[in-house]
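We just call them A, B, C and D in the order they show up, numbering each chain from 1.
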Amino acid sequence: MIRCARDDSVFTLRTAVARLLHLSDAVAELVRDGDSVALEGFTHLIPFAAGHELLRQGRRDLELIRMTPDLLYDQLIGMGAARRLVFSYGGNPGVGSLHRFRDAIEHDWPHPIEIEEHSHAGMANRYAAGAADLPFAVLRGYAGTDLVAHTNVRFVDCPFTGERLAAVAALRPDVAIVHAQEADGDGNVQLWGIPGVQKEAVLAARRSLVTVERIVERLLPRPGAVVLPGWVLDAVAVAPGGSQPSYSEGITRRDNAFYRDWDEISRDRQRFSAWMQEHVLGKVAAR
Amino acid sequence: MSVAASTDEVQTVVAARRLASARTVFIGVGRPSIAAILARMVHNPDLVLIYESGTIGAKPFHIPLSIGDGELSETADTVVGVPEMFNYWIGAGRVDVGFLGAAQVDRYANLNSTVIGDYDHPRTRLPGAGGAPEIASSCGEVIVTVAHSRRTLVERLDFLTTVGHGDGPGARGRLGLRGRGPTAVITDLGVLEPDPSSAELTLTQLHPGVTVEQAREQTGWELAVAERPRITERPSDAELNALRELLAR
Amino acid sequence: MIRCARDDSVFTLRTAVARLLHLSDAVAELVRDGDSVALEGFTHLIPFAAGHELLRQGRRDLELIRMTPDLLYDQLIGMGAARRLVFSYGGNPGVGSLHRFRDAIEHDWPHPIEIEEHSHAGMANRYAAGAADLPFAVLRGYAGTDLVAHTNVRFVDCPFTGERLAAVAALRPDVAIVHAQEADGDGNVQLWGIPGVQKEAVLAARRSLVTVERIVERLLPRPGAVVLPGWVLDAVAVAPGGSQPSYSEGITRRDNAFYRDWDEISRDRQRFSAWMQEHVLGKVAAR
Amino acid sequence: MSVAASTDEVQTVVAARRLASARTVFIGVGRPSIAAILARMVHNPDLVLIYESGTIGAKPFHIPLSIGDGELSETADTVVGVPEMFNYWIGAGRVDVGFLGAAQVDRYANLNSTVIGDYDHPRTRLPGAGGAPEIASSCGEVIVTVAHSRRTLVERLDFLTTVGHGDGPGARGRLGLRGRGPTAVITDLGVLEPDPSSAELTLTQLHPGVTVEQAREQTGWELAVAERPRITERPSDAELNALRELLAR
């Protein structure tokens, strides 16, 4: 995929389809140290397999962008891969704290981490502005809160009514990585169930990778599906079960027990590190 | 018959009753979700449950652990993306009641869910804003449920994440916020409601067996008390049985 | 449906479902002389039956809002129902002119008509801002065109980059009317095929009516469907074939021959009036 | 063998050839649609057709009468709403080539599709902007197809609906427009392309049998002519047969 309209050599980089790569090759090619990376998926379809591959390849110094850091970013932060975190809700949903996230912010472990936080509405609109290639979005929000003094938000006046609205800057990640149920041979991707902000994240990013549960002959249209044409993606990689312990609607189920267990696993630095060594670093990406 | 209701059960039942005549409610996980499902079971079978994951009209049979559990999307009337949820549904003021929790609440029902201590060097880093600020600024009204303690009901927030009634009467209007803001803070001891003229949270209702003194003692500011606080009607057998059945599913 | 959050008596007007009304009753109740009315449907699902009922009930002085006026607004304009037209493309798609639209603007027939025109992108963003209850939307557009001097557009500077962007005012029609394939008994509506701006139009409007091909026991989820919950609608009316000569994907087909024929029918004032008398005013709304 | 190509056919074939190496094309109805379908048949089977009705990757077998014909949505890879189409797809610059017609074109390939005559008292009221302004300001490049006549190729537009190259070199950048703007105006006589330094439309190609004089005569300004205009390669049998077959479907 190329940014067609921003370039004089419009056709020279053209690919009609997304390439089907092995997950490790895709991550090696698309994600570089220091990149801003958005691994999205709102509770549903969180791209754990791709995130784990980032860790196995030792990516460092990343700006991690995600509305809900969830267990995946807790793991990336705890392993020291993050320079900066951009987010709107850093909890273990229904369970409590993200201990590695907290430890990084409260005690600089394993190293200090920079943060930029927003409300969900702010983050969602930042992605939407990025997907539209607009520099900012307006919303009613932030007014009267202490967030104003601690994040990147400005205010604009409506040129028609004079009402003052919040303005948030577009998100334009270097790479977006999302997980979906299926792709066809041309790299056209289909996901269904809770769609979150994945479409926006992919369209806002400079490069994109989609991991999928399976490759199918032909995408069978599904109710509630989001379809991403292969020509807006860079690569598709097969990663069966790649959203676990999150889930892929219709294929896997959310492992709520693991979300609860994570509270204990992640509470202690050593136990966390040992767990990651055994369950992530010691594995290889599924073929 | 059934064992007497625990304080936890009373708090949930009281929250559910507040949804008896609502059309739509926006909820997160935990007690708000339990209360909303209970309200659908007992008081208001047509209540429309909206979760920030984009599920509109979800009809969960089980209590969801996350706002994105599969049961929510599978039973919803429609599922929308997160930008649409916040722009077309919450921001546009289409939701009657928003349910929120918080780590700290002040006397004007402003909420902190960001940090305890200094922002740059927090004693405790909390999850952050999530959907709360816009839920509180856009829903028809907001109901807050928290534990009643000096740690939670504080004289001064460490961080103002979500505006309730700001610095008092008229503040919401000055900030351009829609909706009535918090109309009740439901605790395990009773219910605090903003005074119509001062906007200050006032103890208007006590759960059975709780005294005004207990409530005062557990509040971090000098708590205003209504002339004659109501006593919470005990959970009925129907309410309690439904709640226990739900929790056992 | 009520505007819940803008009113202290939040619950007093509550209705959990849209009311199922006869089309003539729905139009009588929801549309008043002088209203701003958006009958939307982008080529697909154009609410002809409802528009014809407006004419039979003699509604006057309307502000007609629609991206593509199409034959339906040509008819309403030619019959003198419009005071003002807000639009972005006033042609007979693939055929040529809308003669009644032209005659009104060029020769004030049957009376002068005020116009406000935009680009499609401007109109779409105006609806989206209305649906979000924001006062305006920003987009890259209008710059350098003569539209700037002839329509309601302003410019704002991005508070982050300084880039100048166009700002368009939100559309908030008094009434939105759209057509869909089906509704259930609670007035939950489902439409599929080209979705256009119908969701935005309904959510932006103060009152709304959806005509449907049929009532079903239960909405069966469909690929690509837009679902409008009954509680955001005021009324649903059954109008089988109600989008003809436009179409309802999966149920009726676009009557392309009629679109071509309209060129002749509408070219002459008298022939137009006679046709409308015979085919619209002389009929009653289907039950 | 086949009857010689008509001027109309040549114009369509030349337009289709321009899409031989494009990935995505944004089209309205009429000749652009015919050219794009022809390009898919003959030159570029993977060409992604995008219509403003929201159909992305439509594969029409028949020539659609409207941009919203059912065949477009039924064969599309995905169908999106109109706001999404203009914001996430066109506005974001994801489309390689935009195809436009117009009632008037000036020497800088600016377009009028709004009025002939005065705006407030028009001699002829045209349909208006539609998607054209943003297509022209966001697509990688724009191809215009019009009839070659003094009525269409005019010294001065009655109304500037869509910016091509504005008032000349650098104008697009000053206005904040993306993409290269119009790269060709394909008429029934030949092809005009903006001069790389002056941005003025220049006759660079003549269809078989057409003379420079004819083109000059039918142009409303003093037409610049390339040193040695190319002669359009005659439509091949494959092109002509495909086009005639398509029109006969």
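Observations on the structure shown:
One rule holds in what follows: a contact is a pair of C-beta atoms (placed from the backbone, for glycine too) under 8 Å apart; a residue touches a chain by one contact, two chains touch by 3 or more.
In this text the structure is predicted, and so the values were computed from the model without any measurement.
The set of chains touching subunit B and also touching subunit D is given as A, C.
Centroids built from CA atoms put subunit B at 29 Å from subunit A.
Mean C-alpha position of subunit A lies 39 Å from that of subunit D.
Annotation: 38 Å between the Cα-based centres of subunit A and subunit C.
Residue positions of subunit C with contacts to 2 or more other chains are 128, 132, 134, 139-140, 163, 199-200, 224. Counting partner chains per residue, subunit B has residues 87, 91, 138, 178 touching two or more of them. Under the touch rule stated earlier, the contacting chain pairs are A-B, A-C, A-D, B-C, C-D.
Residue ranges of subunit B in contact with subunit C, taken from their complex: 21-24, 46, 48, 56-57, 77-78, 87-88, 91-96, 138-141, 178-180. If you check the complex, the residues on subunit C that touch subunit B are 3-8, 10-11, 14-17, 128, 131-134, 188, 199-200, 203, 227-229, 231-232. Within the complex, the subunit A residues that touch subunit B are 42-44, 67-68, 87-91, 93-95, 97-98, 101-102, 105-106, 117-121, 124-125, 127-128, 139-147, 150, 163-164, 193-197, 199-200, 224, 226, 247, 249, 253-254, 256, 259-260. Contact residues on subunit A toward subunit C in their complex (touch as defined above): 132, 134-140, 154-156, 158-161, 163, 165, 167, 169, 221-225. Looking at the complex, you find that subunit D touches subunit C at residues 29-30, 52-55, 64-70, 72-74, 79-83, 85-87, 90-91, 114, 119, 122-134, 137-138, 159-163, 166, 171, 175-178.
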